[in-house]
Amino acid sequence: MDKDGLIINLEEISFGYPDRPPVLDKLNLQFCRGDRMGLMGPNGSGKTTLFHIIMGLIKHSSGRIEIFGRHVKEEKDFRSVRQRIGLLFQDADDQLFSPTVLEDVAFGPLNLGKSQDEAKAIARKTLASLGLAGFEDRITYKLSGGEKRLVSLATVLAMEPEVLLLDEPSTGLDETTEKSIIDILRGLDLSYILVSHNIDFLVETTHHVGYMANGKVSVDPESIPHTHVHTHKHGKYVHEHGRKTPNDKA
Amino acid sequence: MDKDGLIINLEEISFGYPDRPPVLDKLNLQFCRGDRMGLMGPNGSGKTTLFHIIMGLIKHSSGRIEIFGRHVKEEKDFRSVRQRIGLLFQDADDQLFSPTVLEDVAFGPLNLGKSQDEAKAIARKTLASLGLAGFEDRITYKLSGGEKRLVSLATVLAMEPEVLLLDEPSTGLDETTEKSIIDILRGLDLSYILVSHNIDFLVETTHHVGYMANGKVSVDPESIPHTHVHTHKHGKYVHEHGRKTPNDKA
Amino acid sequence: MIGNEVATGDSLIHSLDPRVKIVAVCLFSIVVAVSHRFVVLMSAMGLGLSIILLAGVPMRQLVRRLIPVNTFILLLWIFLPFSFEGEPLFSLGPLVGVREGVLYAARISIKSNAIVVVLIALVASTSILTLGHAMHELKAPKKIVHLFFFTCRYVDVIHREYVRLANAVKVRGFRPGTNMHTYKTLAYLVGMLLVRSSDRAQRVNNAMLCRGFRGNLYSLSTFSLKAADVASLILMLALMLALGVLEWTKMA
Amino acid sequence: MHISEGVLSPSVLVAGAALTTAGVAVGLKRLDHEEIPSAGILSAAFFVASLVHVPAGPASVHLVMNGLLGLILGWKAFPAILVGLGLQALLFQFGGLTTLGVNTLNMALPAVICYYLFGWGAKAGTRQHVLTITAFACGSCAVLFSGVMVGFSLYLTGEAFLPAAKLVVAAHLPVMFIEGGLTAACAFFLRRVRPELLEGQYVPKSASQF
């Protein structure tokens, strides 16, 4: 890996919530500029925790974090990290707190020191780029699930980050919204790590996939493509995966 | 369908939240005794809303509901429905509101007019039957996610309902807990309708699956089992479904 | 939050009936709060310390829990010694510390600490929900007891929601300061919290309706008095009576 | 500002406890059994809000928000605040048991007074700026009254407390503006997102809502 392009470098990170078995156990992860990485792993394997550690929302108990070539440790080191790395939370409801969409999207730029007018202009532009023009005065709390996701993405993109951490951006969305998220992600000129349980989605949006289990991330670029065949009977129904439904086939 | 076994009969039910497009649009649904039905559908398609309408927590705007052969309409009609149909809520934190597990499970029987001692006995029995003996004095808010789910199920079963409506009983659970929920559901001598996004889970727990979209439920018992073969290339990765991961294969 | 406050241990104090403990603590607090004589206050302090020793409360916890009351007391020490007329004791610049003032402040300090020490012995040896149940058994109004339970139950859930919202503003570069932007943002967070809580209240109501709720809330708690409980209660009553007599004889 | 145990004179403690009992009784009377869960969850929300640090110059203050609580709960603020302060006394030893009456009175009475003085501004149909001004007044006056009442409780205990009482009131003055501003912004938020909460219908009537 090109040492110069290395933007996130986690070395032997360990972490556990109080009174629980460790969630991360000497985890190593290298992430380079221009990379688009998928991350899978069972529920509770610590994917969300990993993202929160990178953003400094949770303090790891041991190990070393280097971001953009600088060792980050304290809250103030993470402040500048948060301006350059954007995190899309797993639950969009946690991300939107302002009454209107425009205020929410303008919030980040305001924190970066932009004036009210600049911030609003940035917010409008970002919304428009995601096909959300006209949403400015909608009440965030009353948006549909898919709209909340897209607006959350807008709030993150409005800060013009260099890297995105996307925590299950597609869960719970219908196919149309999922499709539009795929298109948006492909159109972005950004590096990102994307958590999803849906490999179809990862296939479409990332270059390679890491797998998280037992507190570690394993990236295995040598696995070989192959074909798999499966049949399951379920009464009269066939076992089908993902979003496909009996009706699609009938 | 055996008219005698018909326990839930929804005819042309329509409903919409204020200032929103309709969620249910002339929905028809028949559900018979002994049946175990799965229900899938994209987010926001109205699955939770449908359950709430059956329980009389939301009033439908038009259509006719017949439950256990009786036309139900008013709040007081639904009171007796709620004794015979148990609803497991999507969020277990909403369902467990008492300080301790025993109190929570005994709450239903007490409301049904049981004495304190009878209610406690029923609660103990129900907990034991779900493998939760010893949980009586645990504090509800300190339970883990999986334990909360199981206790929620106990609170519903303690009312000895004839039918269960289960709203995503497996989301957010790890495989072990999911497995134990599957075993419990299979062991129950009850009819139920079960909402889940996870077809593997539905395959294991239900006889057939309905699909909810555009405000309607379509049940298609005539779909034919078949085999599907697929190959996708993804860089060097193979497309894999469900829980399987690159590492399993590597 | 509430979850962190664990009442583990197996001292005599832990095993006492919570109703006895509540009655004893209330009695103690009232008697001490109305007492004046140093003898009485010192005895009360001694009693309080023996109780807390008996309860085996860890030193660190004790000190941590004593901080809030003593910050308030400290504030009073800044003023009280100088606000009396009487025999001068010391002087700080133009300010003259007066004997009566110092005694008054000292009295308050002992009183407060004695009462709080006993309160700590209570809460460190009894879980908060047990206290709720005991209040029910002691015939506190049912509505208050249930209000108490619901508040306890959902404080943690809502606190977690608050932490998630606070994290969301943090990752978007928010740094609190003394300015309108900060106040507006915090107001929005509180507003969001209230909106979510009212939504949750609606869902909880629905869940309760589904279980046949018609306005009756029940409590299944049962406590039974043991010999040790009765003995402790009598001992406490006797001690309080003794303190009362001590205080009263001075008046006479 | 919670007054600690052992500071106040017996007569002040008794008067506070008696008035609080009366207020709580009125509040409980207006609180239907069915509303207890909602009131409990909302008071949990206020409990959490009261832990929020707000920077004020070099120091930081905790939110009080009793004005907003009054707007939303009316007389029910009495039992809600009693429970909240009781929990704070038990969990963190803020305040205490014998002072629970006085402390509850000092926070709840201003909440109820402000509800009657300014509650009309939050009702449906008022103009935006009317809401903002009344909410600001409600939030700041509630805190000011609380400060004055705390100072008064101290003063009634003894003349010697006068300087401390003055300091307490003075310390509430900057907080007053912060609270007013936050209450106004919060009311603005609620008006846009969930107006029912402000309109005195805080209890969701789930079954009869539609």
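Going in written order, the chains are labelled A, B, C and D, and every chain counts its residues from 1.
The definition used in the following text is that contacts are C-beta pairs under 8 Å (C-beta built on N, C-alpha and C of every residue); 3 or more make two chains touch, one makes a residue touch a chain.
Keep in mind that what you see is a predicted model, and the values were worked out from it rather than measured.
> Could you see whether B-C or C-D has the larger number of C-beta contact pairs?
If we tally the contacting C-beta pairs, C-D comes out ahead.
> Using just the Cα atoms, superpose chain A onto chain B and tell me the rotation angle to the nearest 5°.
175
> Roughly how far is chain B from chain C, centre to centre by C-alpha average, rounded to an integer in Å?
42
> Suppose each chain is reduced to the average of its Cα coordinates; what separation in Å results between chain C and chain D?
19
> Taking the mean of the CA coordinates per chain, how far is chain A from chain D in Å?
40
> In whole angstrom, what separates the CA-based centres of chain A and chain B?
Going by mean C-alpha positions, chain A sits 30 Å from chain B.
> Indicate the residues of chain A shared as contacts by at least two other chains.
Within chain A, residues 99, 141 contact more than one other chain.
> Which positions in chain D are in touch with at least two other chains?
Within chain D, residues 37, 188-189, 193-194, 206-207 contact more than one other chain.
> Where does chain C touch two or more other chains at once, residue-wise?
2, 149-150, 152-153, 157, 188-189, 191-192, 195, 200, 204, 206, 208-209, 213, 216 - these are the residues of chain C that touch more than one other chain.
> Quick one: in the complex, what on chain D touches chain A?
Within the complex, chain D touches chain A at residues 188-189, 192-194.
> Which residues of chain C touch chain D once you look at their complex with the stated criterion?
Residues of chain C touching chain D: 1-2, 5, 25-26, 29-30, 32-34, 65-66, 68-69, 72-73, 75-76, 78-80, 82-84, 101, 104, 108, 110-116, 119-120, 123, 128, 131, 141, 143-144, 146-155, 157-159, 162, 176-178, 180, 182-184, 186-195, 197-198, 200-202, 204-206, 208-209, 213, 215-217.
> Which stretch or stretches of chain B touch chain A in the complex?
40, 42-45, 172-175, 197, 199-200, 202-203, 207-209, 211, 218, 220-243, 245-247, 249-250
> Help me check something: in the complex, which residues belonging to chain A touch chain C?
That would be residues 52, 55, 57, 79, 82-83, 86-87, 89, 91, 93-99, 107-108, 110-112, 141, 155-156, 159 of chain A.
> Given the complex with chain C, which residues does chain D contribute to the contact?
Residues in contact with chain C: 2-8, 10, 13, 24, 28, 31-34, 36-45, 47-49, 51-57, 63, 65, 72, 79-80, 82-84, 86-87, 89-94, 96-98, 158-164, 167, 178, 181-186, 188-190, 193-194, 196-197, 202-204, 206-207.
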